[in-house]
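One structure coming up, written as structure tokens, with questions to follow.
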Amino acid sequence: MIIVMKKGALPEQVQAVIGRISDLGYRAHVSQGAETTIIGVIGDERRVSENVFHMMSGVDTVVRVLKPFKLASREFHPDDTIVPVNGIRLGARSVAIIAGPCAVESRDQILESAWAVKEAGGHIFRAGAFKPRTSPYSFQGMGIEGLDLLAEVRQLTGLAIITEVMAPEQVPDVAATADILQIGTRNMQNYNLLHAVGASLKPALLKRGMMSTMEELLMSAEYILSHDNPHVILCERGIRTFETFTRNTFDVAAVPVLKELTHLPVFVDPSHAVGIARFVPALSLAGVVAGADGLLIEVHNDPENAWSDGAQSLRPEEFDALLPRLLQLREAVRQ
Amino acid sequence: MIIVMKKGALPEQVQAVIGRISDLGYRAHVSQGAETTIIGVIGDERRVSENVFHMMSGVDTVVRVLKPFKLASREFHPDDTIVPVNGIRLGARSVAIIAGPCAVESRDQILESAWAVKEAGGHIFRAGAFKPRTSPYSFQGMGIEGLDLLAEVRQLTGLAIITEVMAPEQVPDVAATADILQIGTRNMQNYNLLHAVGASLKPALLKRGMMSTMEELLMSAEYILSHDNPHVILCERGIRTFETFTRNTFDVAAVPVLKELTHLPVFVDPSHAVGIARFVPALSLAGVVAGADGLLIEVHNDPENAWSDGAQSLRPEEFDALLPRLLQLREAVRQ
Amino acid sequence: MIIVMKKGALPEQVQAVIGRISDLGYRAHVSQGAETTIIGVIGDERRVSENVFHMMSGVDTVVRVLKPFKLASREFHPDDTIVPVNGIRLGARSVAIIAGPCAVESRDQILESAWAVKEAGGHIFRAGAFKPRTSPYSFQGMGIEGLDLLAEVRQLTGLAIITEVMAPEQVPDVAATADILQIGTRNMQNYNLLHAVGASLKPALLKRGMMSTMEELLMSAEYILSHDNPHVILCERGIRTFETFTRNTFDVAAVPVLKELTHLPVFVDPSHAVGIARFVPALSLAGVVAGADGLLIEVHNDPENAWSDGAQSLRPEEFDALLPRLLQLREAVRQ
Amino acid sequence: MIIVMKKGALPEQVQAVIGRISDLGYRAHVSQGAETTIIGVIGDERRVSENVFHMMSGVDTVVRVLKPFKLASREFHPDDTIVPVNGIRLGARSVAIIAGPCAVESRDQILESAWAVKEAGGHIFRAGAFKPRTSPYSFQGMGIEGLDLLAEVRQLTGLAIITEVMAPEQVPDVAATADILQIGTRNMQNYNLLHAVGASLKPALLKRGMMSTMEELLMSAEYILSHDNPHVILCERGIRTFETFTRNTFDVAAVPVLKELTHLPVFVDPSHAVGIARFVPALSLAGVVAGADGLLIEVHNDPENAWSDGAQSLRPEEFDALLPRLLQLREAVRQ
């Protein structure tokens, strides 16, 4: 941490800051410049808040130097983390494909969609039994009944299952059915949920909050990792900006940046990012060449009659056409 | 809902849309323009999703006409809602003052701060026992022990208490101590929490998500109201933008806009909005003249040693100086 | 400037950075920490780019310490700048009122609006002769003919005139008519225009870019000030965010923040900030109590028939009712 | 255009709106719903402003139906526009490579960089003679002398030249040297400049404003096109968001969206979008597979000593390694 004193700060103000640093068990290193005095705080700054110094007389700004995340950082764990799920290895650019509809709607819908995903070559099936919806008047998911249908999908198709968990008390039920617990964008900073998912020791896919920085995403991953649960997958799914033509703005640069900052697998969800099915293929390709370890793609057997997110769901035949192109590109960029 | 067909849409595509409208139990009203055909959907559109039509061939855009919230709307309930708390009436521009430190840190700190708030003329005491923190390495609050200290503050000072609840399972404990349950900005769309708070029938203060629209805030209020819990207070606390000098951007216009859209009380939290104590007085004044029904102001007996948010906390003497100015302005704008 | 070396940077990398600092005529101050080495650059950093160091091996981050603006800074010029215009002193919280329609449309419209502004007690008349419009198919302003009408308004009513200038070549004509040259939000970083307005030595009102930071606003002011033209007025007019209910988001906190950073007068334009006439009074009051030195308010003699921005224009009688409330508040907060 | 009346609007208010529509030469189509009345405006809405109706009593919202751009629209001109430059055809996914340093700094620097671009297989050389800089204290470009050096580069290497023009009065000089006039992000809505560039009849590359929507970008293109200058190239170069790790947020989805909305070539500038050289290759690949017609890539012969933007410039050997990968991907996605 670096403390920049105000121009004209008094010697006793500088001394007070040095004293406080020392009281907290750190060492101070003072640089006397022409216009300002700069004081370095030597020690593990993760355990001290900027505020301690911000409020002191004569202090202009306080700058953190170390990244605030540790277990998630590439420096702490240089090799790529691999998350093994149902015989598939997620991470290290394996480009795994998670696909399926937004929500479990019925046995027919879910089985038909799942077989389509499997036949096209998808690896993991996604569908929500618990649905976070902006409106209390919208369909909120089939709940436990939906989980039972997902268990059946798993048994019949052999596909691994990922589904969303919305509250700590749902974790046992969801963990009993799903191979991967999904934490949605609105819950990225639901810390009680992060703790519960961490403690479950199940693999977790953590979606970036639509309003969250990459650093905040890594801090939320840190909550799960701190329970000795190493299997966290990050997912870029679009952020909220001033542009309204697309549902969100797909931050494709987050892929290479996160891959540098962290050892965790980085997936992308182009369906939620853009919100319009006909643009999903182009963005899926972009995600793969940018270095994504996998994709989440919404596929529905009958998008026009989907109860939610139909506008961004591919039809089975569109998904079928996209998959070989994704895998071909994976090879092209691997070389 | 209005459906705009693409330029050159075929008659059979128009017919298909009309058929779907009819199947869903609505009436269609067709306007044939020079370049486009526009179809109005007549009926309560809150029960149908845009997606149903978005996906159909020949459809260009779908526009909602009705506001998606109902119980929260001024049209549904023209008179201002008053939330009675401990003999105080919140709402209808009473300009109630909620104040206190970010977190419960110790018995001395909390009692000293509470007496300062009471002596200055504050109405309700705030302090967090459960703290949502970006980092798992930061102080997470005193938990149940903190609630016990708040109960003591209540008994000794007679001040009503507001404190944050972070998860459904905490609702009974927090509701046993607090007069108002606070839902934080990161939990505005934690729907399980909204349901649990709604069902508690306790007054709730719902903070706007830092990247949520006013409409989304009202939809989240709708979740609580749908449990026949009428006592919801909205709170503007700054939104996230590209500007980094201030902690957030205080959306003061949200005050008059929300007061027009809804009957619920609208509070502002200038401390979190700006994040720098010396700017809190100016923004508090701005909130009052913009029409806020009350304020949340961070006050700490010793900000330099606060465990969190010290940089945005007023000292007791600063709070003491601000309060009469706020009340004077309230009178000035009431006339 | 502070250079933070990467964890594990080699001694020769540190030496290379120190060598570069020295070559550039600065002094280096090295702090050796447990995890990182920090190097302070001693000297006037405004003349060196971060990039010089960013690119060097072993460098993690480079942090500027000094503010990049100088002539605009409160440190450089502690007293409030007063801009004298037509016998009025703008600045130092005089709360001057600039009002008028978006555009000059006709002699009748402009004269009727101007007399309404004058009779209500407004100080300066605004109306655009050159209009920056998103669409080439929209009304682009009356141009020189509009300037002539403004000159007539000035002569007949005695009101000072402010009007927008869009290009360097328009500066002479606009400067011949107007008392204050307005630079619009889309031109805040039109550097050739800033130079031309600076060189004209006329007072300038510089609107904040709708997606520009306060620091960038001050840097643009610096362009004008660098021509020895001290008469720059800053204007907060709303920034672009994800919220779409209002036209822009009124960043009221910019008022006290800018007043601290700079000695220049700070005005607000609530009409453009919110874009809806019925919310303009509340935001005008908020601007005044937040410390604004003046306001720009759109007033049109017949808003329903305005050629542009009618939806945000007050009628003369609404403006008439607002003005005494603004002045009363000014007194209330001055005490 | 669709006009939605308020719930409970009076019949005479509806009649007044209908009357106004008729007065303006349009036809009205009224849909009487259960809760609201909706009125369609039949005719070319590009010539009428929403404001005309917004202000009328009883009106709730006004929604535009037609896109406001025409000459730029794919509907108006279904085939891809090809911009011929120096024997190269830009557009229709030819993936042309524009490369070079941020600024002209010296004869040696510019020639060395240009030969590196040419040898690697780049098609067009870029470098700025006029530089828009946030600070008046930063290097502002070599001006006319820089143009002369670019003319020499052109003669010696045979590469076509693109360079930025910042003001209408610079257009003749820049047009005499450059094959393509670049309009920078800060000037996207500098309408006088757009008119001047349009009138020059030279090909123009129009960068998206960092704060501008895709629709606004197309409206600015419309200004140039309205001068019968058909050769406009659009360029996505990153938008400003709350994320600060990268310089801007690369809106890769803009590529397929713009390609659908318009017939104009769409380029991307990953260097400015991300601002960090080591992430430029991944984003370049992403741009190509998303459908970009070409790329702008910053390449400098000595980035560590660049006067500006060094941190985002590739070294010649990095550019050399990237180019074949881009062209290989172009083939892969073409199939």
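Every chain is named by a letter (A, B, C and D) in the order it is written, and numbering of its residues begins at 1.
To be clear about the criterion, a residue touches a chain if its C-beta (ideal position, glycine included) is under 8 Å from a C-beta of that chain, and two chains touch if they have at least 3 such contacts.
Predicted model, so just to flag it, every value in this text is computed and none were measured.
Should one ask which of B-D and A-D has more C-beta pairs in contact, the pair is A-D. Set against the Cα centre of chain D, the chain with the most distant centre is B. Separating the centre of chain C from that of chain D, both taken as means of CA atoms, is a distance of 26 Å. Between chain A and chain D the centroid-to-centroid distance comes to 31 Å (mean Cα coordinates, whole Å). Each chain gets one centre point, the mean of its Cα atoms, and the points for chain B and chain D are 38 Å apart.
For chain C, the set of residues that touch two or more other chains comprises 211, 240-242, 244.
Within the complex formed with chain D, the chain B residues making contact are 2, 4, 7, 29, 31-36, 38, 40, 42-44, 61, 63, 65-66, 75, 211, 240-242, 244.
Interface residues of chain D facing chain A in the complex, by the touch rule stated above, are 211, 213-215, 239, 241-246, 249-257, 260, 273-274, 278-279, 282-283, 285-291, 325, 328-329, 332-333.
Against chain D, the residues of chain C that register as touching in their complex are 46-47, 49-52, 54-56, 68, 132-138, 140, 166-170, 186-187, 189-193, 209-212, 216, 219, 222-223, 226, 240, 277, 303-311.
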